[in-house]
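Lettered A, B, C and D in written order, each chain numbered from 1.
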Amino acid sequence: MASSLSRPIAIIAGAGPGTGAAVARRFAQTYPVVLLSRSASSLDPLVQGINQNGGSALGLPTDVTNPENMTSTMTQIQNHFGADVSIAAAIFNVASKFSRSQFLESGPEFLDSLEATARGASNFSKAVIPLMLAEGRKDTSHGERYSPTLIFTGATAAMKGGSGLGSFAMSKFAVRALAQSLAREFGPKGIHVAHAVIDGIIATEMTKGYKDDTPDAKIDPNAIAEAYWFLHTQPRSAFTQELDLRPYCESW
Amino acid sequence: MASSLSRPIAIIAGAGPGTGAAVARRFAQTYPVVLLSRSASSLDPLVQGINQNGGSALGLPTDVTNPENMTSTMTQIQNHFGADVSIAAAIFNVASKFSRSQFLESGPEFLDSLEATARGASNFSKAVIPLMLAEGRKDTSHGERYSPTLIFTGATAAMKGGSGLGSFAMSKFAVRALAQSLAREFGPKGIHVAHAVIDGIIATEMTKGYKDDTPDAKIDPNAIAEAYWFLHTQPRSAFTQELDLRPYCESW
Amino acid sequence: MASSLSRPIAIIAGAGPGTGAAVARRFAQTYPVVLLSRSASSLDPLVQGINQNGGSALGLPTDVTNPENMTSTMTQIQNHFGADVSIAAAIFNVASKFSRSQFLESGPEFLDSLEATARGASNFSKAVIPLMLAEGRKDTSHGERYSPTLIFTGATAAMKGGSGLGSFAMSKFAVRALAQSLAREFGPKGIHVAHAVIDGIIATEMTKGYKDDTPDAKIDPNAIAEAYWFLHTQPRSAFTQELDLRPYCESW
Amino acid sequence: MASSLSRPIAIIAGAGPGTGAAVARRFAQTYPVVLLSRSASSLDPLVQGINQNGGSALGLPTDVTNPENMTSTMTQIQNHFGADVSIAAAIFNVASKFSRSQFLESGPEFLDSLEATARGASNFSKAVIPLMLAEGRKDTSHGERYSPTLIFTGATAAMKGGSGLGSFAMSKFAVRALAQSLAREFGPKGIHVAHAVIDGIIATEMTKGYKDDTPDAKIDPNAIAEAYWFLHTQPRSAFTQELDLRPYCESW
């Protein structure tokens, strides 16, 4: 495993179909990628596809909202890649389940989205940042390295609430707060923390049938992946903390 | 209790010293007030003070983050004021404990503030809104009534994160998301939902000694109370959803 | 004129029908008011109404976008009230003409709104602030005085642009920028500078017929006036820099 | 000139040293570039440098704040490249002169920055958008073309005012308002309109000596250029309307 010791990895939480898969494939062009998802079944085809196409992917089913799970996941990663593995890019793409419901008719599940997302984002960040700081300390005299980058996938509801959207908006606002706070704390230490506001419907299997009459009215997950890759390649003199991504025809 | 049947109440969660007490006294000039706080000891002097000064206050120690506690609190309120009690004003002033700490050194308590505040805000809103809708439906042909008003106390950290402030900012962002969402859902039903961004240090016993060399450099809690009362009196053609409150000499 | 020497005035630019008139009447309950408008004819009935109802109003037709006009206006004010007149409240309510037009079909008038509004807001501020600083310096040991207050009327388009709204939005964004900058410069000197985001249709003669089927769906100008008066009365430990005003049934 | 007929150009207003030059060089890797600046002398070395390095640059001294100048500039462009020239990318990088001054001590020049910048941004947009719409209509069946892209360079002061910064902030707020309005009007027509918030000091000849003790504490103009190029390459299913660019060590 000598060679991998000097080679940082990328890690993606929420590596299901759609954005997560596209991001995984994009970062696998440069790094070995570790893919986290609650269900092994959603990871398998993605891992196989990357490995068959010249990349290197490791799928680890885990529940990022559980701190102990996240700790054992990091141990598995170090067992696999070596104790001195470092992280070049970490993407938190865990989906808050979008739901619209009347506030008074919602039950205790009203807070599930918030607690799962916030706890997941917090656990994930605590697990990956030490290995990102390690990456930042590495000798970069031989060959270019990009600043270690931590990206959170956000949504319109990270910017404004909506009728019936309290549960979803609380979770998205909270993740944005975390992203801003980490950016201010770890930017000076060389870690690039960014938040992407996805403002539109993403083109996935699940959204087939929506807006199909207008070409490109849904966001191509690969375009999100390219934006994340661009964020990762920014030099530290010019980090982007926040950008929006929106179809040309979306009204907002 | 015949007379109280037709008289709506105000309810304040987080009625400790400082802002909560000032708001309680201000609304007690017009309404019987119900004061919620985790500790009975912090409620007692406030309740006594209001009752001795011609107001009517009922203190109920409760943990708003616990849905069952909140349910039994509402039952106590209906037992006391009558089953048809309605709520004219509800103030959520539960303090997220402000703390600044390095992210990687924080433990599981990192999420405590978020979960307590978000759960508290959500439980409280679910409990009070039905009685606010009831207030909105009452016959107002005899004498003026103000629109039922639900106010959340926010902070600078509701608008932007900060280094070491992730925990606090997540909780404040989440409450703002809830306030915006409820405003959009219940505004059309006549409930005024507002969010106040308190941007500065509040003058309390605890903050004695800070900024004492500059007069009025700390926010007078009574000024917050007046602002909340103003929000309550706005007619429905011109609701304010958000305002900031900041000392004249604060830089921002 | 001895008595007026110690009595500050309020001044309103854009004192036409609607918001300007309502604000004039509200502030005339406490102060002599000076009303500025381009056309004398729109001032006359308002001035007469105030004077007949126990208030004191002086109407001065002037073009606030012209620095020389504004200078001579201030001279007229000092001739009338005495050289040591001071200003307790100044309201900039000059309407940017709302217009929606396709960008490529707009002519040089595209910039008219911006230049008139920005120049007007700037001229007005330069003229009134010295007399507001004078008010702040006055001996207030005998009786309460409120902090001198400068309020700018803004709109939804101060917060976000819109298709075909470039001209209007540029003017409203620019006024908001000025308000924020003056708040930060003159707040520490005791002047309260605020910006009100009017997000909805105001109920005036001109808007009769709009939304008439929903009660209170248009903003009552008197509610705006009350909000401005509330801003004026805030103590300096708790100034509001920005608030929104919006009908309960408006979607946003 | 047959070949140029099918080849779109890029046009940069404010092509002085620093950001403008870096953007010109970046876009010259793909397109013939037209460079506008008030002074020929600042254009010459840049134009020569691009032409000597395999690019194609045309420098046109012009005052973009003057509509007639801008019209004759477009005529020169069509004379040079052919009547059917189209525009793939247009960058408005005209600098509002940054200045901090006490409001009451500023003279009529207080509005110069606003009027020049706003008029410049408006004139420039009116001149280039028709040729961008033409580019969007071209047959793209042979080879990839990017969506025509109009980018405005903004600053921190586009987001918030500051003491003594009223003049600069008004101009930057106004340009942001224009960018948002044009994005909403022309996005659905396939033009990508973006606004970049440059939040930090740019490393140029002029800023030598600032923050020199911290590496990369000033923004590399080439990093801005790369970000603009990235914006240009975004597919229309995922346009970014706004991003910030800020050194890792900047506090904000």
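Please note the rule applied: a contact is a pair of C-beta atoms (placed from the backbone, for glycine too) under 8 Å apart; a residue touches a chain by one contact, two chains touch by 3 or more.
Note that the coordinates shown come from a computational prediction; the quantities given were computed from them, not determined experimentally.
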Candidate from A-B, B-C or C-D with the same interface as A-D, over half of contact pairs in common: B-C
Between chain B and chain C, centroid-to-centroid distance (C-alpha), Å: 31
Between chain A and chain B, centroid-to-centroid distance (C-alpha), Å: 35
Residues of chain C touching at least two other chains: 184
Topology of the chain contact graph, where touching chains are joined (line, ring, star, complete, other): ring
Complex contact set, residues of chain C against chain B: 147, 184, 187-188, 190, 192, 200, 203, 216-220, 223-224, 226-227, 230, 234-252
Chain D - residues contacting chain C, complex: 67, 102-104, 108, 110-111, 114-115, 118-119, 122, 125-126, 129-130, 157, 160-166, 169-174, 176-186
